[in-house]
Amino acid sequence: RGAGEAPDQYRTTYATEVKTLNYFLLLDTTALRVAANTMDGLVENDRYGKFVPSLAERWDHNEDYTEWTFYLRPGVKWVDSMGQETAWEVTADDFVEGMRFIAEPKNGIKNVGIIRKVISGLNGYYWDLVDIDDGVDIGKTREEALASFDSSVGVSAPDKYTVKYTLDNPTPYFLSYLVTELFFPLEKEFLDSVGAEDFGTTKEKLIFTGAYYLAEWQRDKEIRLAKNEHYWDADSVNVGQVSLQKVADDSIRVQMFQRGEVSATTLQGDQVKALEGTKWADNVFLDEKSSVTYWFAMNYTSDNPEARAFINNVNFRKALYHGIDRAKLLELVNPYEPEALLRNTIIPEDVIFDENGQDYTDYPLLKEVKERRTYDRELAQEYFQKAVDELTDGKGNIKGISPATVDMLPIAEIKADGKLPVQILFVHPTDPTKTREALLLQEMLRDTFDGQVELVLGQYVDDKYNDTIKPRRFDLLYDSFSFKYADPMAQLGRLVTDGSVNDGQYSFPEFDRLVEEADGKTSLTDRYEIFSRAERFLIDNAVIIPWQAGGGAYSMDTVVPFSTPRGGFGVTRFKYKGMILQQNPITADQYKMLEKAFRAELAPN
Amino acid sequence: MSRYIVKRILQSLLTVVIVVIAVFLLLRLMPTSGYFTREDYINMTEEMRSAYLKSLGVTDPAFIQLQRFFTGVFKGDLGRSITVYPKLPIRTILAEKVPYSLWFGLASMFISVTLGFGLGILMARFKDRWPDHLGTAYVVTVRAIPSLIYLFLIQIWVTGIMRWPMVFYEDRPVTWILPVVSLSLTGIAWYGIWLRRFMVDEENRDYIKFARSKGLSQKYIMRHHVLRNAVVPLVQYLPVQLLLTIAGSLIIESIYSIPGMGGLLVYAIKQQDNNLVQVLVLIYAVLGVAGVFVGDLLMAFVDPRIRLAEKKKKKEALRV
Amino acid sequence: MSDDAFTFAPWNPEAAEETGYSHYSYWRSTFRTFIKNRLSLTLLIIMGVLVLFSLLYPVLASVDPNKVALDSSLWNRKPDFSHIFGTDGLGRDIWVRTWYGTRTSILLAFTIAFFDVGIGVVAGALWGYVRKSDQIMTEIYNVITNIPSTVYLILLSYIMKPGFWTIVIAMSSRGWITIARFIRNKVISLRESEYNVASRCLGTPLNRILGKNIIPFLVSIIIMQTALTIPYSIGAEVFLGFIGLGLPLDTVSLGNMVNQGRSNFMLYPFQLTWPTVILAVITVSFYIVGNKFADASDPKNHL
Amino acid sequence: MTETREKILRVEDVVIRFNLRGKELTAVRSASLDLYKGETLAIVGESGSGKSVFTKSFLGMLDKNGRVASGNILFEGENLAEFSREEQWLKIRGKKIAMIFQDPMTALNPLKTIGEQIREVITLHRGMNRQEARAEALSMLEKVGIGDAAQRYGQYPHEFSGGMRQRGVIAIAAACKPDILICDEPTTALDVTIQAQILENLKELQREMGMSIIFITHDLGVVANVADRVAVMYAGEIVEYGRTPEVFYDPRHPYSWALLASLPQLGEKGEDLYTIHGTPPNLFKEIKGDAFAPRNPRALKIDFEEAPPWFAVSDTHFAKTWLLHESAPEVEAPKIIQRLKEKSLKGLDYGS
Amino acid sequence: MAAEDKREILLEVKNLTVDFKLGRRKFSAVDDVSFNIYKGETFSLVGESGSGKTTVSRAIMRIHQASQGDILYKGESVSGNMTGSQERKFRQSVQMIFQDPMASLNERAKVDYIVSEGLYNFKLFKGEKERKAKVERTLRKVGLLPDFASRFPHEFSGGQRQRIGIARALIMEPEFLVADEPISALDVSIRAQILNLLNKLKKEEDLTYLFIAHDLSVVRLISDRIAVIYKGKIVELADSEELFRRPLHPYTKGLLSAVPLPDPESEKNKNLLIYDPSIHDYDKVPPSWREAYPGHWVLADERELDLWRR
């Protein structure tokens, strides 16, 4: 522990303003943080990652995991933005209302797709409404369709304190869904009083069930959370206030930490290096990795004919797979042990376990992948040569491609000459580290493939999806998606043909088939086995190239490590419940010590 | 006189309308995805999107859209933001942000004028001596070096030395100092250099020589003739600058995290929030035009030579 | 005193016509007045050397400013003998980049100045000379100057792809109007001047009136405006870089270097310092030289 | 007769130099002058001869780069040439010696009413309160011939015509009843008719207030009208002075001849006017001998060698030319000048 | 009178009106002015500042457009549109000398160019050599040294500059010269030079002058006839000596009485007449242009004419 009284305020920064704090519409980490701390769901994770009671005191499920019943903690009141208890109690109806809200297409809840096929009847209900809105005659009026919610959707409130979910398929991992915002409650009377349009647009237009309430939301300046004194578990809340300051110019964040203006900061590689030999060096420690995976996505339908030809060639993709020295790229973030950040699989390790406690990524097909070192210069060159042999006429002319100017403006304009070197448009954001990453990658490919692969760099200014993915103005980019629930389907199911994170618009029927097959299995071992084949297919064919794990950054912090809830899903990792602050920044030694102690505590669980 | 004012107001309105139309046309060069929030866009089918656009009226002819926009503005309805603060009425956004920019602007304007005039007087009084050279060096530095650099250095160094917070906190008055001072730097230089120039010009005027030959003391002449007359041409620019303080300053608000208007337009443009862009441009144009107009009126008020009837446009772009 | 002293001296009326003045040439005097000022001369030389060096350096030197080091031990190196300005976060040599960046920025600024002044002079001359155009030009002037410059820059840079020509277009499509205004005012005063009326009485055609009577009087404004446009353009590039709409980040320019160096200023100050110093020297030089030239070009200041 | 009168100002051998970017320019070289109480002394000479500079030095109004390099300016027992501090001058300027400049368009502060500008001086020099000063200012305006003074008082200079403004300027200068009023070409910019009226006003004012006037002009017609005595200045020197009729009817210096003889008024149709060739000397250069010699067709050899001393023509009439030296050859004044005398006898005023 | 009519009319100004816009208001700087200039004479236009003298001269030079009326040069109208060759001919034979020698020369051009500007315009020389020779000859004609050609206007005194301006006009070998107050901006000592020069040139080159001045005393010396202009209207026109001997219009009288004379005696007895426009009673009958004596015209009504003639 550092000297002096433990501070009562946790202070951090954010760079872009949240658009809304409607907790069903979480778009960025800032909003996630607010939702995670102001809203409790039925269950939560404790600091060991175990699912523990929250608004539900206890729960049970039927034999095949298709019916789950939750028994609510009575007497919990919704709290308003003044920290005062409202007249409304948290009841089972609130959970039904929450579901009703996200099931309404007009509310535009993006993530609803994750559970549409989980809760029975939800999918049909949702698409009925969509069809009606599109003017398709399905033999029902909208009112009729809405009225059918209670009878058709698998959520109900048998009594005031009981919530029951009926699922389409056996779902042993159902609890991992419950820590996402999709299962948060919603007070109907309050919603009606503010209107669905405006729900969550100001602090007055929200009420809370969590450890904190939203005490202040000043756009572009500050979001302040204050401890909810009426919280059912108020004793576990150690920090009285959480302040999120907007600091758009993040070049000064490290400074602000050093001057005690923020409670925590992450560090880039060269920032860490620059701290070498200063008094701050002691305070730098490596954070835990998260379940987020970054991967390289390739555009299989690019307008750039050169890139399209090569990307659709498996040998070329393999050449990239082996030719990109990912650890080298990560040196920008972590100059000392970059390998630690690598992730070779799409599904994260340490998150999904089968009935036997076997980690999904330790299934044989994946274990090999997980442990391999992918960077292999010679192999990459070999594959590249094969690709060149297949795709060119031997004189450097790419077959079937005539010179053209490819308009991918405003990202870039490419003069495709139909000759080697092959030009590939790599798109990255404008921030300095990412730009350097891109330059490094460019140099790396140039070096590995002897100048025959030329990365054209393009930047999107603000919005990756709108600027590049949607208009398909890229050949290569990295993308990442958080892991939504404890099943490989969470990612692999979105990577199929026309899947929502299939940025490259590829189509591999073999993969689609495997995913479908796996999803049909109810036995976890079977299920995971087939998923591992599907994942292996993606990796063997280098359809996408897994790159790195999220998190794991160098940090300086005043939060006592391992004092906050732990877990790979939903909003858990953003929770401050249980957080303990100390006066002075954590030292690396402290961190190591606490980590050791924590691992020891964790083991028996 | 009143006829002239009416004429000028009409003319100013015309300018505003042209500016707005120009920007409106520019905005039409941008993709229509600006009318969706990102999530909507992803979730909607192509048909839904076009239906939505239609419901917004974006697909209508430009003329109709403009008409609608102006009608809305006329009725006091500025519309709602689309992507920057989805669905928030633009009026609310302005109400939140304008006060910051305005107060910082006013404070810095006050400082710019007082210190700038001080500097100008000092430089004119000690023309070609060291205060003048020092002042010139200051002006040159401020004008020639990209402001981003020195503003950033000021932030880093001064907060470090003074142990002040690096960004602005509303409840901590010391954090107001640097933004206000930073905002004033160019203004001080501007007023200083122009006042100096005008004063030096005035000092060489025949009537100043005559005033001296009348036996008026140097001090009296400086105060009652030179300074007074030198200030007059600057008076014209005060209203524009005052009004434009509402627009805020991008760099300073950004580095000190002030929730003002400065970055709003950039952000709105980047996010393709066309509604917001349009309103902001309208506001800026109105402020600019109104500022010039009030400046001219003020000028006619302080300078007896200018009768409003002769629309004597002395609107030179002052450049240091 | 001889008696001879009181005889008439020989008298030559022609000799009396000889003027007491030295041979005066406007440009020579301007130049002389200009270089008399030691500060401006020094700055002119510095400026010349910097500009020349930055233009020549890329031709002479063989180091690629974009050469990224795959070896991370070469990243963020403090200045030493092999890298006299140090290296940046990817091991690129800052000395080399500074000169390339200077060249980009100067070329950009020159191009902008060229268009600004070019368009400004032509438009200003017409504006001043063709009376009928006054109203419409004044309206254009009002419109353009009423859109805040940042708004305009941002809008245009966003609509077009970020890049050299985008900045040029964004800057020049606005910057010309102030120059045109200056030129217009000058042209109007010249147009009404007596020597111009004299030329018209002699039936001098418009092109020669422009060439002989107008343009020579504008040259000093043109040079001055050009000189003053340059620091402004460089500043605009830095600003656009700050809001993410500047030159592509893989382009070496002073603006990009400043913005990149800024992010790690507290950690590796040298990465910001050197580009900034060079940039400051250039902008300040152009600024002062522009102003001093304006002074020198005023015949009142000639001897 | 003049000797009996009181000398109010004595200027002796004043040399005035300017520093112009490192070079030294001698604008006035050893000029001397006496001024008697109540008289009008005119200084004539061509442009650049140093008239303004010379008289400005009586007020300490030289430009910053100029200085009185030597000589004395004696006024009320003090040597103004030695004044260095502003306070010293403040006691003289306006109060004792006032000055009017050539261009009425620019001599008034455009942003103050005429009234204010007069009152300002009165308050300052005569310690009157606002009310009194205002009354005094109004009476001054009337004295210089501005009718409707009460209304004019509150008007701005741009509402006045050129002639009115010049009257305003005169009113300001005279408001403090100075002992000496220096008029530096006060009517050159005005039309002849207005000029004539203003000269009348000025003479009247002088009669009333009894001040001495130094009147600078290059219009000999004006000199003839207003001056009691005339000094002719050339290249920074006074080359001839005397009572007005003496200088007009019997000029002795070749430059004075030239000035008079070249007047178109005296010309005869079909005859050439007398002309002066060339340009005045470069003041940056040292002048050797008589400055006028290079332009003087009747220059003597000695004129190029040595500067002439003063020669007295009469008690009141002096000239600086070797032609008056006893060994000089006899030289006739140009015919035109002799004609002036004849014409004068006939009465030269046209048209009545 | 009959004799006069036989003289060749070089320039005829008929009912010339020139309007200017002052803001919204229109005002006539020159109002219904008519006069003839005969070949070989010097015609002077005299009036106070702002009376419209320059405007008349510029209308003749086609710098200002006539709002009404006509200007005929050698019988051809020059106030409307002209063809290229007409314009060329006109520009060659009619030249102008300007008031302010400081402002009327292009400071950035050498004397050589200034003087030969007209030659260049109409290609009036065969080769460089001829042009140089012409320039040299003309410079000599106006009493300047030929090697001044290589200098800039800055280097010259006012009188010299005015002579350069005259040379510029003269080199075109014009028949008709308009001189707009050519001496009023000059130093006294130099005025004579220019007047002599103009007189000399008139004889040598057989020129006709329109001479503009604001000071009556100057024009007497060189004019054959004088017109007095007041507020845009010519109020009196007569032979030069006639006008001085017998001025009729009170304005002319006032102007004459105000002229300062370099003669202390007569100045002392000066009798200043101040013109007061309100003495006229033009409300009912506007004045008209009347011949009081042969060749002596005045703007008056019937009653005034009688009165003044007495």
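Think of it as A, B, C, D and E in the order they're written, each chain with its own count starting at 1.
Just so it is clear, a residue touches a chain if its C-beta (ideal position, glycine included) is under 8 Å from a C-beta of that chain, and two chains touch if they have at least 3 such contacts.
Predicted, not measured: the structure shown is a model, and the values here were computed from it.
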item	value
If a chain touches chain A and chain D alike, it appears here	B, C
From chain E, the most remote chain by mean C-alpha position	A
Chain of greatest Cα-centre distance to chain D	A
Best-connected chain pair, where connection means C-beta pairs in contact	D-E
Mean-CA-position distance for chain D and chain B (Å)	54
Chain B and chain C: spacing of chain centres that average the CA atoms, whole Å	25
Interchain centroid distance [CA atoms averaged], chain C/chain D, Å	49
Residues within chain D bordering two or more other chains	277, 279-280
Interface hub residues of chain C, defined as touching at least two other chains	17-19, 21, 158, 244, 259, 262, 265-266
Shared-contact residues (touching 2 or more other chains) in chain B	156, 254, 270
Chain D residues touching chain C - in the complex, by the definition given at the top	20-21, 23, 277-282, 285, 293-306, 322, 325, 327-329
Chain D contact footprint on chain B (complex, rising order)	205-207, 209-218, 220, 224-225, 228-229, 232, 302-305
Complex contact set, residues of chain B against chain C	14-16, 18-19, 22-23, 26, 29-30, 140-141, 143-149, 152, 156, 244, 247, 250-251, 254, 265-266, 269-270, 277, 280-281, 284-285, 288-289, 292, 313, 316-317, 319
Footprint of chain E on chain D - complex, ascending	46-47, 162, 191-193, 195-197, 199-200, 218-225, 227, 244-245, 248, 258-269, 272-277, 279-280, 340, 343-344, 347-352
Residues of chain D defined as touching chain B within the complex	59, 61, 86, 89-95, 98-99, 101, 103, 106-112, 120-121, 124-125, 156, 158, 169, 172-173, 176
